[in-house]
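What follows is subunit A paired twice: with subunit B in the first complex and subunit C in the second.
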Partner chain A sequence: MLDVIIIGAGPAGLSAAIECRKNDLNTLVVDEFPKLGGRLLGQLHQEPTGEWWNGIEEAKKLVDEAQRLNTDIRTGISVHHVAKVDDHFVVHTNDGKFEATNVLIATGAAETAVPVPGWTLPGVMSIGAAQVMTNVHRVKVGERGVIVGVNVLSAAIAHELKLGGVDIHSMVLPSKNVISADQAEPYAVMERLSRIAHLAPSAFIRFGSKFAKSPIVQKLAVKLYPKNGITMFDIPIHLRKAIVSINGTEQVESVTIAKVTPEGDIIPNSEEVVNVDFVCIAGGLYPLAELAAVMGCEFKYVEELGGHVPVHSEAMETAVDGLFVAGNITGIESAKVARSQGTVAGLSIAKRMTNDVSLDRQLDRAMQNVKTTRDNATIQFHPHIYRGRERVKAAYNRITETKE
Partner chain B sequence: MTNKRITHHPILGSLDKQSTVSFTFDGKEYTGLENDTIASALMANGVRTLRKHEFSGNPRGIYCNIGHCFECRVTVNGKENIRACLTPIVHDMVVESGQVQPSPLDPTNEVLPKTYEDYEKMGGNQ
Partner chain C sequence: MKNTIVCRCEEVTLEQLEQTAKQFNCSPRELKLRTRAGMGFCGGRTCRPAVDKVLLNVTDLRPSDNVPLKVQPPVRPISLSSLGGAIDDK
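Moving on, here comes the complex of A and B:
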């Protein structure tokens, strides 16, 4: 019987594993992907200090530390079910079953799909797919492409593609439909961009300073949005253009883009066809939480955190005894926050297993560190992250009080 | 041959020298780098179509590239529905693209076989 199985070898899972091993717990880390580090691997951006955040190097630091502590880490393992049996868990994988006293789910996030006519053609992919191809596998996804969806993540990755030698024709909005919702509405997109501008890396600051904070000025900015877009990293960003279709027979050959009103409605006869060989769709991230759901964990829909999240405490415990969560499964935030949450989860698991009271102080410090990391985050995915976190905490307290 | 490999990167530096791995995709031999997935090795060679949709026959490639969407499923050494984006290439691996599958239950189907016998008569499974 293992003390703990950690599902996901990203920043949260690895940092949790490090704490578990420091406390001598019998630990197994599993991940589907052949390389360790999760989505941290693809990250490459400049901090406001000018320093580069290189995900590959950051992942290596965590992996080296975990390996120094003799952590059993296995790749190529997919978990498809977890069952609670009496006082332990049975984790079902493509490589057999594993039994453990505790489970930490650190599965991260997935990208929201935004359907566009023609989006099944080879050459259309999620923005994260292009990021992994470019920075991790070092392969160009195409020569010249269009990015659909304007948000902080897509802007950062657009720049990464450029660094990889891939030409970006422009960034445009998805066309308005029941699924794309406010991603397709220029006013909403502008408002979100202006909220993050002050937090973002240097080029964003220049980009953001073009928008004022006042809603009236923002509305005016959308109305008078420049015909050629606003350029960031030499990439034209269009808030008044949306994609109508992706065209091609065997693969992407072109896209049809139309002008839109400030409300996001297509302006008739404004379509243009642009020749590109790839398209990236950026619909934003949501917590990848199915495994917590099959284990009977309670969920709460929290918009500020990116969707349905498993209800958990500040110490990263769920109301299911022995089940812990950390990282983006608990809400969409930066890799640094995920890493500090992993430390909290690891300490919580160690505390449950050893009853060592000296861990209390470490745990308090680690929880404080999550907040400090959050405060200092370069990119905040949502401005009201604290409000979201409070709502989850309150839900957890309600559940545990009812139980008692 | 198309080469989409990013050998020099302004921030990440030059690609370390890695040993190459050869494998076949639909009978044709390709070379990738050690640590490539099937999807990245093929994309480096300019191959983006990994399968045909089982019903419509429309071409498909990767979508999410992290194992979540299952759009990249291929047959590896005879085993079906393997995700190309998560599977590392190994020497002499035999990869095959997914093909249109018979749909015997579709009453409007005039092109696809309705029974396995029909399927074989029409040249399936050869």
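Moving on, here comes the complex of A and C:
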């Protein structure tokens, strides 16, 4: 019987594994990807301080530390079910079953799809897939493409593609329907962009500061939005153009783009056809919590955190005894926050197993560090992240009080 | 917009989802069963949030704390032999 199985070898899972091993727990880390580091591997951006954040190097630091502590880490393993049997967990994988006293789910986030006519053609991919192909596999996604969806993540990845020598024709909005909703409304997109501008990497600051924070200025900016878009890293960003369809027979050959009103409605007869060989769809991220749902965890819908998140404490425990969560499954935030949450989860698990009171102080410090990291985050995915975190904490307290 | 496919595996369009949801005043589960959206190879991993949004829009509900469509194992595509325990029996 293992002390703990950690599902996901990203920043959260690896930093948790390090704490578990420091406390001599019998630990197994599994990940379905062939390489370790999770989504850290794709990240490459410049911080406002001018420093570069190189995710591959950050991942290597964590992996090296975990390996120095003789952590059993296995790749290519998909977990398809977790069941609680008596006082332990049975983790079902494509490589058989594993049993453990504790489970940490650190599965991260998934991308939200934005259906567009023609999006099933080869050559259409999510923005995250383009990031992995470019930065991890070093495969050129195409010669010239369009990015659908304007948000902090797509802007950062557009820049990475550009650095990789890929031509980005432009970034445009998805056309409006019940699914794309506020991602297709120029006003809503502008408001979000200007709210995050002060936290985002340097080029974004220049982009956002043009529109200050006043709603009147933002509305005016949408109304008078330049016909040729606003250029960031040499990429034209259009808030008044939306994709109508992706065209091609065997693969992507072109896209049809139309002008839209400030509310996001298509302006008739404004369509233009642009020849491209790939399209990236950027619909944002949501917590990947399937396994927590299968476990019967209670959930809370928290928009600020990206959707449904398993209810958990600040110490990263769920209401299911022995089940812990860390990283983006608890809410969409930066890799640095995920890493510091992993440390908290690792210490919590060690405390449960060893009853070592000296861990209390470490745990307090680690929880404080999550907050400090959040305060200093360069990319904040949602402006009201603190409010969201408070709501989850309150939900956890309610559940545990009823239990007692 | 008529040809916007939402569920790629089962090729269910946005129009089909909206019409079905309106006509039968569906629960999330009923919408899934009537249209097969989310019941293909990927198990709804791609279209789940989109199907949820269609329902919220048609029914005018606020998102609730419960995950709209019940999540059931296996949550990843796996081989039948693996599901049957062939590896553990080795």
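In this text, the second predicted complex is superposed on the first by the 404 of 404 C-alpha atoms of A that agree within 3 Å, B and C clash if a C-alpha of one lies under 4 Å from a C-alpha of the other, contacts with A are read in each partner's own complex, and residues count from 1 in each chain.
Keep this in mind: a residue touches a chain if its C-beta (ideal position, glycine included) is under 8 Å from a C-beta of that chain, and two chains touch if they have at least 3 such contacts.
Everything numeric in this text was worked out from a predicted model, so none of it was measured.
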Contacts of A:250 with subunit B and subunit C, given as first, second, both or neither: first
Partner chain in contact with A:120 - subunit B first, subunit C second, else both or neither: both
Partner chain(s) touched by A:132 [first = subunit B, second = subunit C, both, neither]: first
Partner chain(s) touched by A:110 [first = subunit B, second = subunit C, both, neither]: both
Partner chain in contact with A:163 - subunit B first, subunit C second, else both or neither: first
Touching partner for A:300 - first (subunit B), second (subunit C), both, neither: second
First, second, both or neither for A:33, with subunit B first and subunit C second: first
Which superposed partner A:372 touches (first subunit B, second subunit C, both, neither): neither
Partner chain(s) touched by A:81 [first = subunit B, second = subunit C, both, neither]: second
Subunit B and subunit C contact sites that coincide on subunit A, given as residue numbers: 32, 78, 110, 113, 120
Sites on subunit A touched by subunit C in the complex: 32, 78-81, 92, 94-97, 110, 112-117, 119-120, 175, 177-179, 181, 286, 289-291, 293-294, 298-301, 303, 307-308, 395
Complex contact set, residues of subunit B against subunit A: 4-7, 9-12, 15, 35-37, 40, 43-44, 48-50, 53, 58-69, 71, 85-88
Contact set on subunit C toward subunit A in their complex: 1, 3-6, 8, 14, 18, 45-47, 49-50, 53-54, 57-58, 63-67, 70-76, 78-79, 82, 85, 87-88, 90
Subunit A to subunit B touching residues, read off their complex: 32-35, 39, 44, 52, 54, 56, 76, 78, 110-111, 113, 120-126, 128-130, 132-135, 137-141, 163-165, 250-251, 288
